[in-house]
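For reference, chains read A, B, C and D in written order, and residue numbers begin at 1 within each chain.
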Amino acid sequence: MRVGIVGGSGYAGGELIRLLLRHPQSELSLVTSQRYASEYLYMIHPNLRGQTQVKFSPLNNEEVVKKCDVVFLATPHGVSKGFVKDLLERGLKIIDLSADFRLKDPNDYPKWYGWEHPCPELLRESVFGLPELHRKEMRNAPLIACVGCMSGASILGIAPIIKTGIVDLEHISLDAKIGSSGGGSEPTPANHHTERFGGIRPYQVVGHRHIAEIEQELSILANKQIHVGFTPHALDIARGILITAQLWLNKKVENAEVWKAYRDTYGTEPFIHIVKYKKGLYQLPDPKVIIGTNYVDIGFELDDHIPRLVVFSAIDNIVKGAAGQAVQCWNASNGWDEKVGLDLISMH
Amino acid sequence: MRVGIVGGSGYAGGELIRLLLRHPQSELSLVTSQRYASEYLYMIHPNLRGQTQVKFSPLNNEEVVKKCDVVFLATPHGVSKGFVKDLLERGLKIIDLSADFRLKDPNDYPKWYGWEHPCPELLRESVFGLPELHRKEMRNAPLIACVGCMSGASILGIAPIIKTGIVDLEHISLDAKIGSSGGGSEPTPANHHTERFGGIRPYQVVGHRHIAEIEQELSILANKQIHVGFTPHALDIARGILITAQLWLNKKVENAEVWKAYRDTYGTEPFIHIVKYKKGLYQLPDPKVIIGTNYVDIGFELDDHIPRLVVFSAIDNIVKGAAGQAVQCWNASNGWDEKVGLDLISMH
Amino acid sequence: MRVGIVGGSGYAGGELIRLLLRHPQSELSLVTSQRYASEYLYMIHPNLRGQTQVKFSPLNNEEVVKKCDVVFLATPHGVSKGFVKDLLERGLKIIDLSADFRLKDPNDYPKWYGWEHPCPELLRESVFGLPELHRKEMRNAPLIACVGCMSGASILGIAPIIKTGIVDLEHISLDAKIGSSGGGSEPTPANHHTERFGGIRPYQVVGHRHIAEIEQELSILANKQIHVGFTPHALDIARGILITAQLWLNKKVENAEVWKAYRDTYGTEPFIHIVKYKKGLYQLPDPKVIIGTNYVDIGFELDDHIPRLVVFSAIDNIVKGAAGQAVQCWNASNGWDEKVGLDLISMH
Amino acid sequence: MRVGIVGGSGYAGGELIRLLLRHPQSELSLVTSQRYASEYLYMIHPNLRGQTQVKFSPLNNEEVVKKCDVVFLATPHGVSKGFVKDLLERGLKIIDLSADFRLKDPNDYPKWYGWEHPCPELLRESVFGLPELHRKEMRNAPLIACVGCMSGASILGIAPIIKTGIVDLEHISLDAKIGSSGGGSEPTPANHHTERFGGIRPYQVVGHRHIAEIEQELSILANKQIHVGFTPHALDIARGILITAQLWLNKKVENAEVWKAYRDTYGTEPFIHIVKYKKGLYQLPDPKVIIGTNYVDIGFELDDHIPRLVVFSAIDNIVKGAAGQAVQCWNASNGWDEKVGLDLISMH
């Protein structure tokens, strides 16, 4: 299939190239970048040296339509809403990594993003790009809007347990920790090496946009409106997210009950490991051991001191948090094995 | 005053040496280490090269009594309980950095530490070593048992707000992030560089011993038994703790009310900054900017989406979390200005 | 082919597992570890969760002979010399990642390693495991002794230029920088996270054992005895080696001449990139962009101020510096495409 | 004395503030920053919270003249040459941290910096700001031009040995490793956290401007024109420089001879430690253990394999490499104890 990537110079774009170059169904026909048009991809993504001679192209809808069957959009938030409708009408299949079509309620865009959505009718049509929850709807869907990185990890981490009814839904605390690649490839004070080195920096500690997605998806699962406390922190690492959820329990709960919830929901999931060991250094999820892969490591611990369940969810923010998720969605939408092109092993 | 340090080869011991070498009231008369006896201090703490020609001595109570007026104990948990009574009876003043005399209820030692306390009568006598809460009791106290690192940061972070009555005391979530020096100077798999590099590792996620101290102190403040959810994470940095507290509110609260609580409690504290800015990169606490000092940076943010208050508390785990705290306690117990010997500025 | 790994719990052993699990010619039949016998591989190498249900076995030559056609030895230096002869005589093919059979002159073992070699006759028979220089000898060789990590990067970096005659062979300076995984998986003070964090530590700055290999191989190329200055440094990263060679030139040299030397020698090499760009951030080799792969990035710069050529050589010390090298040697010895099982792309 | 800092928002400027706030002779009367004029210093340098209520002022020569007796210039290269003459003529004492007055030969500016020097007569008058070599000239000097960070570490590391005559002056190799703060506080791709994390990046590997200073100073010492090979590398740490010099020897040399050279030259230097131990983890210089201080740790090792001497020199690039150096120069120029305001201890 002829595949295009719009916005290929960022970290998610670069990872899409890495994955799609080895995807057996993908023929990479177009990678756009306004800034780097006519540069070799490997000049911006040095890991691609020797892997491809493709160059960046400027963005041009005519070219996209002519050269691609499917197009992955790795543009900044607020960009794709301007041209997705046009591409859809010309018959392209679209997998959007940005937030522009993730939220179902048009009112959420002014509230969380500060702009009115120009094509609210597409919000109903777009499929929320989290295969573990929405893979059936993905089949042949023309528009998939992939979940965000911290939101995806949060949702996957606690979805099974939200459904059980054992959790106090009024007091859900999510603490997120993330590496610098989550901030994009553009130099900024927040990601200046000297400032980030050795630090632990809270940011957007209330009102982070990913809350909208988390609440949207958890509310569907709980069949009632859910609100969450969500606070992210910027760490001195490049890749990886760990979500720590502190959940309060409505009743006395046994380990077996929690295990069952996760097994029932994720028993056959190709990318989810339940990580809960009694010995060794990595008894609970640590993103370090899945960097570069599409895995989600989820673990939990019951507190026997107070009625509390702690859940951990680890991903590589650029793979399962962006490019890998998108490829998995593409696989699901075509009815292919979701592991195609994503069967990667991380390093110790 | 003649000062001794028992257990001077670890990170807290090393930091005590650094601080006491420049403390105008301190004459460093004895530093013990079983393993490194007769080595120069600077052979283990290379930052001390050119600063002192003192050597480590083996531990010997007779020597301690003969050479010291006050002794700081930087021994592993479970060690000092074996000799503190003897030293007290011989008239020494003791500042213990370990956990052996922190808990007031003798039943807490079997529960949290796994051993019966050999001298429970001393638990009543010892002063909990957190000057912001207990400085009056410290005056001339013979035994001060300094608070732990993550517990101290947690308590200071939320103490003012616990007292207000605005917080739902049943759902206190504390998420701790800490650098590797918190794990001590002994090589271990958990602190092996290759394993820790690039990771975010949850550990002792339920049942961490610092919970006992946090609950002890917060319960005093609230005048009722309090329980907290507390979960620490090991980061790829060497020094620093950030505590993130997610608190649920009983009622609608304004910023001014929270500010007032912190100002009322900490308005004249020499080591507490309220860090809450509207611009710049460091709007909220980040331990990076106070490393090497005895400061506690505390900040907060009210959520306008849900009734939630997020509080952040940052310290250097080896200074305000250990050696600096101990020196501050010593100052307080003597009625000196608490900043003596601790008037340090960190680096950008 | 039935493949065994002796010494599978270290970092090189773990990486051999990662690579051989995806090598189409490999059937992983045995992985030994004395310490972790009967544990699942993934308990020690958490990146292997979900990838294999194999367990570690104790080392037992009978088992090795019965279950394997080829065996990779990832044992500490000084171990394999005790059993390689036995395994060879029983018909096994051996690829040794340790130093025990690398040096050709039996006198070099007492000199550099402090022990007499028990089977010096095998030193002539073993092939030095650096395919770029010795692939022809590898074909069907029963014993291949893979080059060390820093030595391999050093040799590959300057081999083409040594042969040209343009370099002053009396003043070769090699400066090595390496991540902590090079020190192995055993906790040590040198690799204690708190000690290594934020530092730049020279170690074994004269007399490092890799010098023996570098001089052995360069002397063959130069057809005269060569000595080198070689000084390594331990950095606060987990993986990667950068070798910086400062070479003094016998005569005025143009860029084209150096380019030609590298192209002539490495023009068809599957794992060598010549990295020398005029713009962008990664104009010269940086191991960061090839971590996880078997690539060697080599670059150079001519000084127009003095007759000096600077050469850079970057590898992943655990892949091209150990496990990947070994797999490449195995491929070469069987006449397979050397990229089989090694066709990996790193991350940006 | 009334002290001003021109260019106070960068890392060197921030460190000048930190040091001068505690310098007993300093009354900080003016800190300029065009970009941050009217902001509190602590808004840019969060380590200064609670330390000062001073704000940044715009640069205005009249103000400088009116408010200051001495002014430290921490401006980018090429800026101070435009106003130093004016300030000198109005009677100010100037300590310039930039390169504008370091080089003695006016021809070196077009060659290394690309511009003609507007006041070449001042180059003779300015004192090269490295007290260990030029403290006598500093006494009452109106203009001191502080040495660069990597150049200062290089010069101090090998100066004593250059003078001995035992070194082959034709083949001096200097390999520099530096943290990100050396690149300044302005966000750039090179210092983007995600790009720098986990890497080892060579940069400006030939023709680095610091070569001009190194050669200038070493040539004076050797009494002949010296050229050096100098190649820097950007590491994933924030602060610190390690210089590794590989020197070739003209004759057989004993340890005692090298020790003597260093003792003779640096025996009474307040900021130089000779670091050469036979045991322990920090046997040779590592900048980690002197971060935040004005120390230079210098160590060496003789190779008994070849006629080679390896010298290591470690500094904090922002202290002894910039702000601390400047304060030491100021102390020297006034005839004060050079340790005044610089008597700091680093952390383990």
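Just so it is clear, a residue touches a chain if its C-beta (ideal position, glycine included) is under 8 Å from a C-beta of that chain, and two chains touch if they have at least 3 such contacts.
All of these numbers come straight from a predicted model, not from anything done at the bench.
A count of C-beta contacts for the chain pairs C-D and A-C puts C-D on top. In terms of the distance between Cα centroids, chain B is separated most widely from C. In whole angstrom, the spacing between the mean C-alpha positions of chain A and chain D is 46. Distance from the chain A centre to the chain C centre is 36 Å, each centre being the mean of its Cα atoms.
Separation between the centroids of chain C and chain D, computed from CA atoms only, is 38 Å. Residue positions of chain A touching 2 or more other chains, listed in rising order: 11, 189, 197-198, 236-239, 281-282, 286, 289, 291.
Considering their complex, residues 11, 179-181, 183, 185, 187-189, 191-194, 196-198, 236-238 of chain A touch chain D.
On the chain B side of its complex with chain A, the touching residues are 168, 170-171, 173, 175, 177, 189-190, 195, 197-203, 205-207, 211, 227-229, 231, 233, 235-240, 242, 244, 246, 248, 281-282, 284-289, 291, 299, 301-306, 308, 310, 312, 314.
Of all the residues in chain D, the ones that touch chain B in their complex are 11, 14-15, 18, 21-22, 43-51, 198, 239, 273, 275, 277, 279-282, 286, 289-292, 295, 297, 318, 345-348.
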